[in-house]
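Next come two complexes, and both contain chain A; in the first it sits with chain B, in the second with chain C.
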Partner chain A sequence: MGAVAVRPVRGGETPTSASPWRFGAVALALLAGLVVLLGLSALVGPHWLPPLAVFAILLHEGSGGLLGSACGGLAPNPATCSIWTEVVWDARVPTLLVALFCGAALALSGGTLQGTFRNPLCDPFLLGLSSGAAMGASVLFTFQLALAEQATLLPVFAFVGALVPGMVVYAAARRFAANPEALVLTGVALSALFSALLATFLFLNPSGGLQVSFWLLGNLQDQTWTRAGLLAATVLIGGSLIVLYGRELNVLQLGPEVAESVGVEARRTTRRLILLSTVVTAVAVAFTGVIGFVGLVSPHVVRLLVGPDYRRVLPLAALFGAVFLLGASDLAQVILPQIFLPVGIPTSFAGVPFFLYLLYRPGSRAR
Partner chain B sequence: MSLNPSPNPPSPRRTVPLALLAVIILVTAGLAIAATAVYFDLRPNAASTASGPGRTTVVDDLGRTVNVPLNASRIVVLAPSVMDLVYRLGLRDRVVGVGCTAGLSGGIENEYSPNQTSLWNLSAALCITDYPSLDTSGVALLTPELVIATTLTSVADVATLSSTYGLPVVLLAPSTMEGIVGDVRLMAEMFPSTAPVANALEASLGQTLANATSFDNGLSTNGTAIPSVLLTYGFYSGEYYTYGPGTFGQSIIDLAGGSSIAAGLPLEYAGLNASSVLLDQPSVILYGTSWNDPYLVGGQTPSVWTSTAPYWSQLNGTKVPVDVTIATEPDPTMIFALPWFLHDLHPTLVPLPSGLPP
Partner chain C sequence: MSETSGSGLGIADLSVHYGDRPAVSAVSLEVAPGEVLALAGPNGSGKSTLIRAVATDLEGTVGEVLAAGRSLGGLRPPERARLVAWMPQEEPPGDNVPLADYVDYGRYAHLARWSASSAEDRAAVATALEEVDLTALAQRGIHELSGGERQRARLARALAQDAPVLLLDEPTAHLDVGHQLDVLERVRAHARAHRRAVLIALHDLNLAARFTDRVAVLAHGRLRAVGPPSEVLSSELLAEIWGVVAEMRRDPRSGLPYLIPQLPIRPSEPARPHRGFRVHVVGGGGSGAALVRAAIERGWDVSAGVLPLFDTDSELVREFGVPAAFELPFAPIGPDALRRLDALLGTADAIVIAPFPVGPTNLANLEHLVAWTRRRPILLVDHPTGERWDYAAGRAEAVRAELLAAGALSVPDLAAALAWLSARSGRPAAAPATAVE
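Let's turn to the complex of A and B:
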């Protein structure tokens, strides 16, 4: 798979990395987009709230009550202001933070795995993490475990379920690090296995499907500050460690033998990157379910913009993933405010045309 | 597109101080965000921590302990089975919102039959979107004092209502007929003002169940033939979908003195191959009819059954249409319908009850 997908390096090929200026411009544009989207996202929801009141709530709560007044004096009474505050500060803000960090996690993970396996088709879910998470969640419902505590245990079971296939691939990498095709196919096989287990569980207990559908469709609803915090910490810590491997990933593209010859321990680097990607993705999936396309497309888009240097691709892919998921989520809510469209649907609808345009536009490196 | 970097890859040696600095900053940021987030979640929520003489603590059907206001004046109801109970206890006027698939065509009638909509005076104005996710902020903006739901509401949505908005959420999810009666007692705990009505309802439900159980026991001692029954809520692709062991549909057949041809199935809501139904030739076929609801129960109206159900004309048993909500929604109406089921299965022994089915 990888051998087919990866273009061999030829002598005399023109370096394809963009200039630092281009990198800076793209980074700035993405950061600006992120800031704008964060502000807009707080305004978007199934129920309209006065924009000035929303910003007043953000200012007041965000400053710990030091700045501004609650609801900017726009709420008709204190009780209404209290509810508006809960809607904005305790529901919308955690949701947009989860969208931001989940997008970053998936994109970062996708870029890392594409580089580690030297396969442009890789995304975080190719290793079976999504079906593992869904299977983990379905265990909770199929066997009616801890009925009163299912809400708390749901992300835990999903997280553990997602870790299982990732850890198997990680273990396989101890022996087969030099053979990325074998590792990817291991993930594909595990994905099929967990999908079959999930289908069996749902067949035995169809009512459990209602709850598990959350993982299968992807959903940014029902987020909390704790979830946002856990995800943020995981992405920032795990992500920064991943980005540190940018140079090694660059060298790995030349093959494990070449990498070893220039001092990169290919086997160990591969294992560490699989481990980090798995953990980052598993935390995201546990809270949001399966959101497709972000992990696949974000690194490619960034690569088209700034070239293939992983030191640049990885951080920018994280930024792009955050912007992309946040934007897709907002778009879905604006277009269909009465329906909580699973966020995986708008990511694909919005992302595919854009991705194809970037691939085939005049002057694209892909042409 | 190339995944390969420059053919002259940069040296793998890192410029450690700069990278280390970046890592330290990001790790610190991560930890700070996590700590802040936990702080925001741990702040006491006025609604969730409220207690006092006007409140009581109940244990719901999932074993959750919930502190609720007594005689809540604003209720959100998230399932038709709960609405049935609320209506029978005279609490309809306190309902400020009901769950429905508002964004899909059909609106409130995707979840509530026309009979229910009319009887309970429901309208689209009460709709709170609950598919595919519950509009939790919509519930909060209605400022209910109590939310009553079932396990049809996802655990994530229940957690959001409780933890984010501090709303008391009670889950009514009975697993037996007796559990339905137990829910009447649970409601009476939360609404002491309804005690007289609740007591009467509980007694009436208990009597109906006792009568059915007595009749069923009498059948086995008298040696009366037990009719074989197919209770089906829909058909699709050559299969009749039915209620297997552990379902309320199975309980209805048992209590009405019948023997379900689906009793041996390993699944709760399994499809029975139509040809095996043809071979079984059940004595009674209770077929669930819907109100042309395209989303929830297949849209199989009586005319659809008679015209397109597999082998329909070759099934010789007595065919009785049943409002699919009666066999599906675990509420008092299900129990009060038992005399009609007894008549359907034993028309010579049990006279047709007077009046219309509940």
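Let's turn to the complex of A and C:
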């Protein structure tokens, strides 16, 4: 290796930057997609409800009863209407909100980890953060089921669980700075370990065996307004803080030493960003289990569209992650309406080929 | 927009350890505002480490560094970045961002937290791009720049930082000769115009002599010499620090020194006192080759010169790694070559003058030896009868007569010279038959 034979980690074929209108166009397209998918998500489910009734319920409940009438007059009787309302407003809406913010959380976390570790193969799933969080949550779930019903404690345990792989990965990144694959392999090993621990804890719970697949492969069902609110607040606050570090992330791509020489508090910023990623990942995982590849794919797709500037990549990746996860969830329900297919399965089907592409594309270091 | 400072860069008693290994030991240096100081030294001498220790919060650093009068110890990165800008020798490729964005990274320390770039930042970026002549490529992705453009982009980033102290680590690496001169000229102009204290690690001593006010020489992490290039750079210093035989000459127009490196000094040769018998061969044009070969085969140490570069004798001498004094082809023998010759003669046991053709350019070879007849035995090998060898209008014949009068011995041929030398060396001549043709 020669003096400056530092190989590009990211592919050289990505656009350098996009004009502001391109950022705006992509943002608008993603927002439009999000609105469409939110509407679609409200319609799909194991019970078929008339679409117009669903929208009437959304309008009526969403406006606090000011607009429209209950069920839009489409329900045969008030009892049915109240069931419909419950299905839409108390089950479907929290679920789609959790899906939206979970997708955003994972994408933000993935983009942040890729940036802080300067490694395109990072995401909370591949680095073991998700499995650690799920393991933490499962402790509470297994041993204190009554407490687990309270939405607030699960994320705390998930966060503690995610801190362990978070710190190991942080140490590994410093140790293997020159070797991106070593970091990912460390993450994969951690992920396997925490998945095994998670499964063990769940099987200890007499009725927990069935939960294993949901925790390991993701589960968007059975959400509540409390959970949706908690996740939304975490993602909005944590995500805003992450996005505010976009400029620092840009400079950090030149390595911590150069970044510090132009004035970036490299070590402090790195620690904070990893902590923020861990928090948003933990809260998402606490309610949905482990959903893979959303965090890997979203920032890369956005980078291909608008270039590498993190100030643009991060907010758009959050939008893309929300669209991606909602879409995957809807797809699973449309194709296999009788089964609650864990949402991690369709995201993996989409994500694994993308991961292999990143690994084997021209210019990748990992060959 | 320039933050002028009264005091430039001050390094006091700076040491850096990598673990137990000292990389820089007790270096003290001052660079005044507007001054360009070159940091020279062989690979691994600690140049980059010294620069790093000033530019970053490097672990294992002891000592005081002042920039614009402020101590850098304990400063957070943003404050440090406003005082010291650094262009490292290499850096990760980063993202393929537009050049203007990349240069704007240098403005980071001037931004209020989480605010956008101001008009002042944009002006600084534009000025920096102009200073390195890359304005036209401002929107080009940095991965699409050529090596030289990338190098200048990194310089622009450091300039945009607008700090009173500028540290450049090998800024001319990977540049062609035109861009080397161009970049250093721009750096010097920038230093003068904005009163920056500039510290540049430079491998090329001729560039250092040409573009810097002073040169500091590092070896094994220690400061060995500091001063204006004309005082610091010398053949002796090159031999001592870099282990290279070089001629030092002066640019007739600027009076600046420049060095012509010639031979690496191999461990088996000169610098150390030699143990055996040493013959110095004065020759040229192939006249000395047989003698050099025969002497080496007899196990004697050999030196040679002054030889014109690239002639038969000098090529042979290089091949055998024989220490020698050289002069440029067709140039009159100059004072530097004669100094080198004196150094070689001073450690020789005997001097043999081969039958070489003498002209005005190499007449000094003979003239110079007259003074040595009293200090060393000199053998003059006769020219074959009838061969013309004096191309200096009779002056060569005159000097030859002068040498003989002063005590030089005339021998009829190479074989006689070898026999005399064998006796002198105290070792019986056990030369292979092929040694002398």
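Here, the second predicted complex is superposed on the first by the 263 of 367 C-alpha atoms of A that agree within 3 Å, B and C clash if a C-alpha of one lies under 4 Å from a C-alpha of the other, contacts with A are read in each partner's own complex, and residues count from 1 in each chain.
Going forward, a residue touches a chain if its C-beta (ideal position, glycine included) is under 8 Å from a C-beta of that chain, and two chains touch if they have at least 3 such contacts.
Here the structure is a predicted model, which is why all the values come from computation and not from measurement.
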Go through the superposed model and pick first if A:181 touches only chain B, second if only chain C, both, or neither.
neither
Looking at the overlay, does A:266 come into contact with chain B only (first), chain C only (second), both, or neither?
second
Considering only the touch criterion stated at the top, classify A:251 as touching first (chain B), second (chain C), both, or neither.
both
More residues of chain A are touched by which partner: chain B or chain C?
B
Which partner does A:205 contact after superposing on A: first (chain B), second (chain C), both, neither?
first
Taking the superposition as given, does A:118 touch the first partner, chain B, the second, chain C, both, or neither?
both
Footprint intersection on chain A (chain B / chain C) at 6-7, 9-10, 12, 15-17, 118, 244, 247, 250-251, 253-254, 262-264, 307-309
Taking the touch rule as given, give the residues of chain A at its contact with chain C in the complex, in rising order.
3-4, 6-10, 12, 14-17, 118, 244, 247, 250-251, 253-255, 257-258, 260-266, 307-309
Seen from chain A, its contact residues with chain B in the complex are 5-7, 9-13, 15-17, 45-47, 79, 82-83, 86-87, 89-92, 94, 97, 114-115, 118, 120, 147-148, 150-152, 154, 203-207, 210-211, 213-214, 217, 219, 221-222, 224-230, 232-237, 239-241, 243-244, 247-248, 250-251, 253-254, 262-264, 300, 303-304, 307-311, 336, 338-340, 342, 359, 365-366
Which positions of chain B touch chain A when the two form their complex?
1-14, 19, 22-23, 26-27, 29-31, 33-41, 46, 62-64, 102-104, 129, 131-133, 135-138, 140-141, 143, 151-152, 154-160, 163-166, 266-269
So in the complex, the part of chain C that touches chain A is made up of which residues?
52, 55-57, 76-78, 80-82, 84-86, 88-98, 101, 105-106, 108-109, 111, 114, 139-144, 147, 157, 161, 173-174
